[in-house]
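Two complexes are shown next, each including chain A; its partner changes from chain B in the first to chain C in the second.
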Partner chain A sequence: MKGTYLGEFEELVLLTVGILHDDAYGLAITDELESRTKRNVTISSVHKALVRLENKGYLKSHVGGASKERGGRAKKLYLLTNSGKNALKESRSLRNHMWNDVPKIVWEGGNI
Partner chain B sequence: MSELEKEKRNFRKTPQPPAWAIKLLRWFCREDLVYAVEGDLIAVFHRRIKRMSPTKARLLFVINVLMFLKPFAIKRIKKTKKMNALTTLKLNLKFTFRNLMKTKVISSLNIGTMAIGLMAVILLTSFISQELSYDKFHKEGDRIYRFGYQIESENQPTRKLAWVSALVAPSAIEKFPEIERITRVRNCGGVMVGPNNQFFREENGFFAGDSFFELFDFKLVSGDSPTSLDEPNEIVLTQELAEKYFGEDDPIGKFVEFRTGDTLKLKVSGVVENTPSNSHFHFDYLISHKTREIIYPHIQGWFALGTHTYFRLQENVDSKEFERKVENLVMDAYGEEALGMGFTIKLFTQPLWDIHLRSDLGNEIETNGSISYVYIAAGIALAILVISIFNFVNLFIARSIKFTKQIGVKKVIGVSRSQLIGQSLVETLIMLLMAFSIAIALSYLVLPYFELLVSRDLSIHLLGVLSLSSIGLLLVAVGLLAGLYPAFLISTFKLSASVFGKTAMGRQGGNLSQSLLIAQFGIATILISSVLVIRNQLDFMTGSSLGFESEQVAVIELWHNREVRRNTSVLKEKLLQSPNISNVTSSNSIPGEFLLNRVGYPEGDDTKSKVMFSLLVQDDFLELFDLEIIAGRGFNSEATTDQEHAFLLNRTSVLEFGWTLEEAVGKDFQWGSRTGKIVGVVEDFHYYSLQEKIPPMILLQTESGVGYMSIKMNGEIMNTVEYVQNSWNELYEGQVFNLYFLDDRFDEQYQLETQLNKIITLFTLVAIVVACSGLFGLTALNVERRMKEIGIRKVVGASLSSILYLILTRFVRLVLLSFAVAIPAAYLLSRWWLSDFAFRIDLGPMTFALAAFLSLLIAAATVVLQSLKAASVDPVKVIKYE
Partner chain C sequence: MGRRKHMTPAPPGWMTRFLRWYCKKDLVDGIEGDLHELYLRRVAKYGKVRSNLLYFLNILLFFQPFAFKKRNQNRRLNTIDMFRSYLTISIRSLIKSKSISAINIIGLAIGISSFIVMSAYVFSELSFDKFHSKADRIVRTVYSYEARGATTGVARVVFPLKYRLLENYPEVEQVVRFHEDNNDAITLEHQDKLFTEKKIFFTDPEVFDVFDFPFLAGDPQNALTSKNSIVMTEEAAKRYFGNENPIGKTILFKNDDQLLVTGILKKSTHSQMDFDFLVPLELQRQRWLKENRFNDLEKNWQWSGAWTYVLLKSAEQKVSFDERLHEDGSDFFGRISEPTVDYHYTSQWLLDVHLKSNMAAEIGVNGTTSQVYGFAIIAFLILIIACLNFINLTTAQSTNRAKEIGLRKVMGAHRINLIWQFITESILVTILSTVLSLLLIELMIPIFNSFMDQNIAVPYFRLPILMLLFFLGAIVVGGLAGSYPSFYLSKLKPVKTLKGDSHGGGGNSNLRKTFVIGQFIISNALIVGIVVVKLQMDLIKGKNLGFDKQQTIVLEHGSKMQDEFQLFKSRLSEIPSVVGVHQGYVAGTPGWVQSFRVEGEDLEATKSIGVNHVGYDFLDFFGLELVSGRFFSREFSTDSTEAILINEAAVRALGWTNESALGKTFSTRRWKTKVIGVMRDANFESLYKPIKPCVFKLNFFGDVAVKFDSNNSEQLLSSVGAVEDAWMELFPQWPFEFAFLDQQIEDQYLKEERLGQMVQFFALLAIFIACMGLFGLATFTVKKRTKEIGVRKVLGAGIWSIVSAIMKGFLILVLISFAISAPAGYYISENWLQGFAYRIELNLWIFILSGLVSTLVAAMAILSQSLHAARMNPVVTLKYE
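This part shows the complex of A and B:
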């Protein structure tokens, strides 16, 4: 199905929204991703992912509170929708299945 | 320090991200995202300035903003809406054509009448632009003027002539350095003999010279332009004439013979382009002025008129001031003598560009147009345009009644008001486009006939009028005027009512239609009464007696036949032998032709002298033209003294000398150098036309100097003309024979009025057709709206006539109302037009009553047709519907 494919980065963003639970907004997600992946994450790519995930129906958003730090601008807070949760679960079970199917010998075998 | 102020100070102290970057972000970023992004970026900025310099933080802020320049964040351009507009248009077109097909009759009426109206506007506009273009091809025409004589004397109205003496030109250019170029033009006609001995009578030529080609922009196609008319016995031909006599050969340097009293051998020194149709005078050839001085040395002196003199002023010369300076040129030349003449001649100047439309002097070269006719044409064009637009609106509204259900359904589905208006406008536009195409095609079709009607060459101007921009402009103007109101009105059709098949148009629409109808019929009534007034005046002029007999009087010209001029009696006797010829006489002029004018006064008292139109006649002139002697006697051929010493004066001159009729008879009188007695007084007669005042006139007997022979015929015109021609050929073989009938010649004088009559009649018909179709549409609407009411009335027992009455009264009331405005307007217009005529009809109430009656009749006829249909409808059918 077109549009439901979850890219790697999108999956990470989606998970981060879950982690941050009720304070998931662009900058917070960026910070969280950066601290966890130790990679440089640009704000624009996070926003891009958020917009796409919302379009796919995995996220929904509402306007959150402003703060002085943000120059008085409101936050756009994201929450996981059921289909978002399902997509994460699916992705996880896909991985689990695939993990399970890797023969043990692969892990136990010597270095090539 | 309050909390707030502290915060403010703080704000100022802490660096802020660049405002322009925020503006940029807000400009391109989606609204549902922009606040979040902005907040995030600002938060990052504040975080950064703790770690790095503000400049670097700002730079990074800008980079961050720019990174949002990606499709996901950019505002959507409203693509979807654009596609909607296109599909709407498609849908509009579809509905338009469906609606057109559904209402074939009324739609074609709507388009057809608009097309006819527009055709009339296009034709009239091309006529107007032709009239306004006269003489504009002379590039420096704004500095070209014409001299004229203004003759003033006591107790007499001032006369203005387009003619001056041939002496004016040389004298003026010598005295006034303001004149850059000056040229004289004098009509000369005669018989031209080409190289192969072809004889043709060529009337349309001039003696011209001096700087003719430097003053005017008539283009020489060959020959040496400035000097082409410098030498005696030189002639310049138009291309047309050159081809006629020389065919393909180069005519330059060749000779033609020209007979005008004398026989001249003229060398062709140039070929000029044919005179443009929009020139106030046309010529086929020009003979050098020096030739004239040789063959007519006697045409000298300040009273020898017949020359038109044109000049061009230097740049920046004030023409009014110049006119004051030249005014007394003639009288100064006379010096002391001038005082005794009893009248003064002033020179006046007249701009070239005023000649065609604003000059109506005596002795113009050609009959000019008239600015009042341009106004009339413009007025008719405007009237027809207005009627057409009103009509279009009325019919369009009437037509849309048929679509109330369609509009209702559309509204139910949720079509917005602006879309309904759009539909209406598209429909208007399509119908107008059709009307325009038909109008343009019609104009081309009708143009040749219209050109004949107005005797003008209009094809160039039609193209001008039909230029894309002017058509586009007209289309937009008419479209807006005709389209907007119905569009709004239709879009307000009440939803509930329209679905139930009621007409549902508010009172508003009805009121508008009614006022438009009143205006339409008002205009039509004005046009009809104008037609009647012009007809009456024309009938009055052509039908009312000029004061002499002109029926069945044929005239032959004798100017070029020396033999007959020496002795007219041979031909006269020969002609009188025919039983169909009752009388023959000769004279120096015949009514309608140029009259000699010379000064006359009571003998011995030249202070009372007057310029008198002088008619030199032979025996039987008074009898043939049936001139009435009101005092004294006529000429007596027995009395030999009459030959030299008898004068007849007309009533006007007797009164102007201050005598009674009886006093005049027997008075000693002097005319030029001739002295004698006044033997009688003749009743006034119109020598030129009823439009002119009767001048003082004198009749003398003569043996020589005649130029015309008048022949009174009775019956058997064709045979008699043949007899005259045969007699002529028998007596004077090889001489040019030219015969015409006097009343034909006179009718030509009313050419302008006759034309106007035809034009206005034609376009009034157009206006009436258009107005009637509007009325037709409105009645149809009204009847349709009241169909059920009529059905019920019939069921209850109303008679046919009472239903007719019901519908008729409404429209008759409207038409009557329109008269209230139309008739006073028509009266004022007619009075304005008639004020041009010296002798005119009285504007009685009958004319206007007739006009009103006619338009009422036309209106009633249109309505009755429709109402009859309504009244004869089967009530069961109309009532059961629904």
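This part shows the complex of A and C:
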């Protein structure tokens, strides 16, 4: 298996796939990311991340329905795999631990 | 409204097609769908144009490795296996037909190596003097004058012109002169080492500001500022100082001037200035002033003795410099009030001197453009012949394999596989022959260098790119040669070929015939060339020069004698085998270049005529003939001042007759003389030029020649020994060195002759390659026609009728090519011969002879194969099927 390191953008994409649950495809993920992060997300970078995440085994895909507004093309729908869920959990717990280890004084000390 | 709904906007089709073209199958639907959705959204928002643009931008953004189709991912391994198979089959097929493979490889290797060696020579000739960093601004001043309709160009100008150029010409940055003393041999001495040096140039101290002769030791700025300094090449320094450091040591110049070695140069082999030593011109000037033999050279406006190189401030100024020089020189720089001879002063680029200049008194041995281009053309012809040969044989060979191709196709080979098979084979052959040609080049270069007295090299290792190009070139040639048969043969229908109808097809053999004709056109033209060059060279060598040059030696330091000559002569008269001693002009050596303006009484224009200073014995010594009048005689005391003889060419040039010439008076600024005799024309100078008008004047200086009458070489050697004894007794301070006159004259033609031989060699090589090709083709044809021959034999054909049936086909090709090449050969030969004063006439028989030769050679190449075929037992050949 390729490297399991999860980049920031990849993590966001992964979470978005989770949020969208059964309608997670390229454009929907892009829209969701844009509205949540308030930054410009290009559709190609999302697709790129999806391909990479699928290669890493965090996502699996299946072909969804086609529609007129898609020019008759089927959607490629993504779902989180177990290892994808684990990766997200790991990432979260790593952050939690690190949060906990930041001394209180840092938060309360105000600006020097 | 309903209609509108159907007309949902869609992005331009070509954009989508582009996406589909590069994008992976399993991604393309998802991406295309997403983009389409996005597009519709955008159309509603921004309108169509902008959306189209954004759509395309999106597609471009997807143009990334992750989305690309993975091409032939599975086939990649197979490619290597297939290549291995191609290679194995190629090697097998090479081994299967050993003789044709050998012919192919060797022929191509000879072609490639000859081409490389000859191009190395061409590049070496073209690279002369390019190493000077200011070469593009350096010009040489030269002049020409008209004399009786002929223009004579002179490469040297007068010494003081330098100062005039520096003062009056704003274009000029620096002027450097070179001078060589041809009339008096120079010795150099250091401790016990004494040599006569021939390659000494006198020059100005600024020489290194203009020219970049590479210094190994010493300071170029001040190397020649002192008149008692000398700069020498590394090799020359070794002769005198061995391995010691020569800088700061002294060397004795002509027995009396001590010169300090101030610089060591690396010898420049690709320079028109071929010297071993550089000595300040000032030294020569001071010596001559002391000896009182010449006027102060810096004030001498009569004698053009300096090769004068001018560094211009910019290259563009040559035009204005030339104009100014021409105008200024037309009255000889104000020295001649009423000029009667037209002087045309001009300048030529330094870089043009070696190949384009052909004047009197050149600074070195020049090449000629036609020689270099001739070489280049032959080099290309050889390469072309070799390549045609290769293509031809490869094509012919591969038609043998129609069955194999049919079978391969039946077994499922694609056309592309077959094409690769043939291309691999021919590339393999070219690579093998490239390797072989590298070996051949290594063998040929030293031979070429020593034979042609050249310094060429192929700088493989300094230029890895050359190596790369070399192999790349081989692969391209191989690919091209392989492509024809591969594309042609891969088209064959398996049903047809497997049925046994495996004849190569008409078009194919026509192409082969065309190639054979092409090769033989080239070979025929080359044979004509060889015959013409050989005949012309023989003519020149066998030409009676009109004077006697046998058993004569010329003493190297003889010109140092003045009054001592009489003493020396009387000493030599005691030696029985010495039949003559002469001081003065030596027939057959380059004459005096300075031309005297001689005024005929009944002519308005003065004419420039070369002058030869001779002694009383000149006529007898060189076996010359008198046409009318008498020769110089001691009985007439005025002969040394008032008498001259002229040759028949001069008589003709002046429009006199041999009789009427007698008594005519000539006057120059220095003397007034009367013609006392006319001498028969003799060819004193190069046979390439017609005999020039010349004047003979009595004088008592110049080279000393001694003539012997000896029956064998042993006796001659002992006589020379006796002369040496006399010399050592009278002139112990100068070494006794001599050269045989006939040898000296022959050496003049050495370069031409060697070049001719070299051309002949390469031309023969070309013909050899062509014949190898013919041999290969004959082998192939015979093999293909075995069955036919068998049937013929069964039906009662004799050996010779079969042989002639096979040979006829080829000989017709040879004859056709002869018909085409003869006029071409005639044209080229005629052009070449025009450069000679004495030339052969082109006869029909030259062409008939060369046609016969090429036909004969071709016939021999085919004969053995056709004989072999004709002798085969029909039982064996017809056994199959």
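By our rule, the second predicted complex is superposed on the first by the 110 of 112 C-alpha atoms of A that agree within 3 Å, B and C clash if a C-alpha of one lies under 4 Å from a C-alpha of the other, contacts with A are read in each partner's own complex, and residues count from 1 in each chain.
By our rule, contacts are C-beta pairs under 8 Å (C-beta built on N, C-alpha and C of every residue); 3 or more make two chains touch, one makes a residue touch a chain.
Bear in mind that the values here come from a model prediction, so they are computed numbers and not experimental data.
In the superposition on chain A, A:E69 makes contact with both chain B and chain C.
Of the two partner chains, neither chain B nor chain C is touched by A:K60. After overlaying the two complexes on the shared chain, residue contacts for A:K85 are found with neither chain B nor chain C.
When the two complexes are overlaid on their common chain A, residue A:H47 makes contact with chain B and with chain C alike.
Touching of chain A by both chain B and chain C, each in its own complex, is seen for residues 25-27, 30, 42-44, 47-48, 51-52, 63, 66, 69-71, 73-76. Touching chain C in their complex are the following residues of chain A: 25-27, 30, 42-45, 47-48, 51-52, 63, 66, 68-71, 73-76.
Put simply, chain A touches chain B in their complex at residues 25-27, 30, 42-44, 47-48, 51-52, 63, 66-67, 69-71, 73-76.
Of all the residues in chain B, the ones that touch chain A in their complex are 17, 33, 35-44, 46, 64, 67-68, 70, 72-73. Listing the residues of chain C that touch chain A in their complex gives 8, 10, 27, 29-38, 40, 58, 61-62, 64, 66-67.
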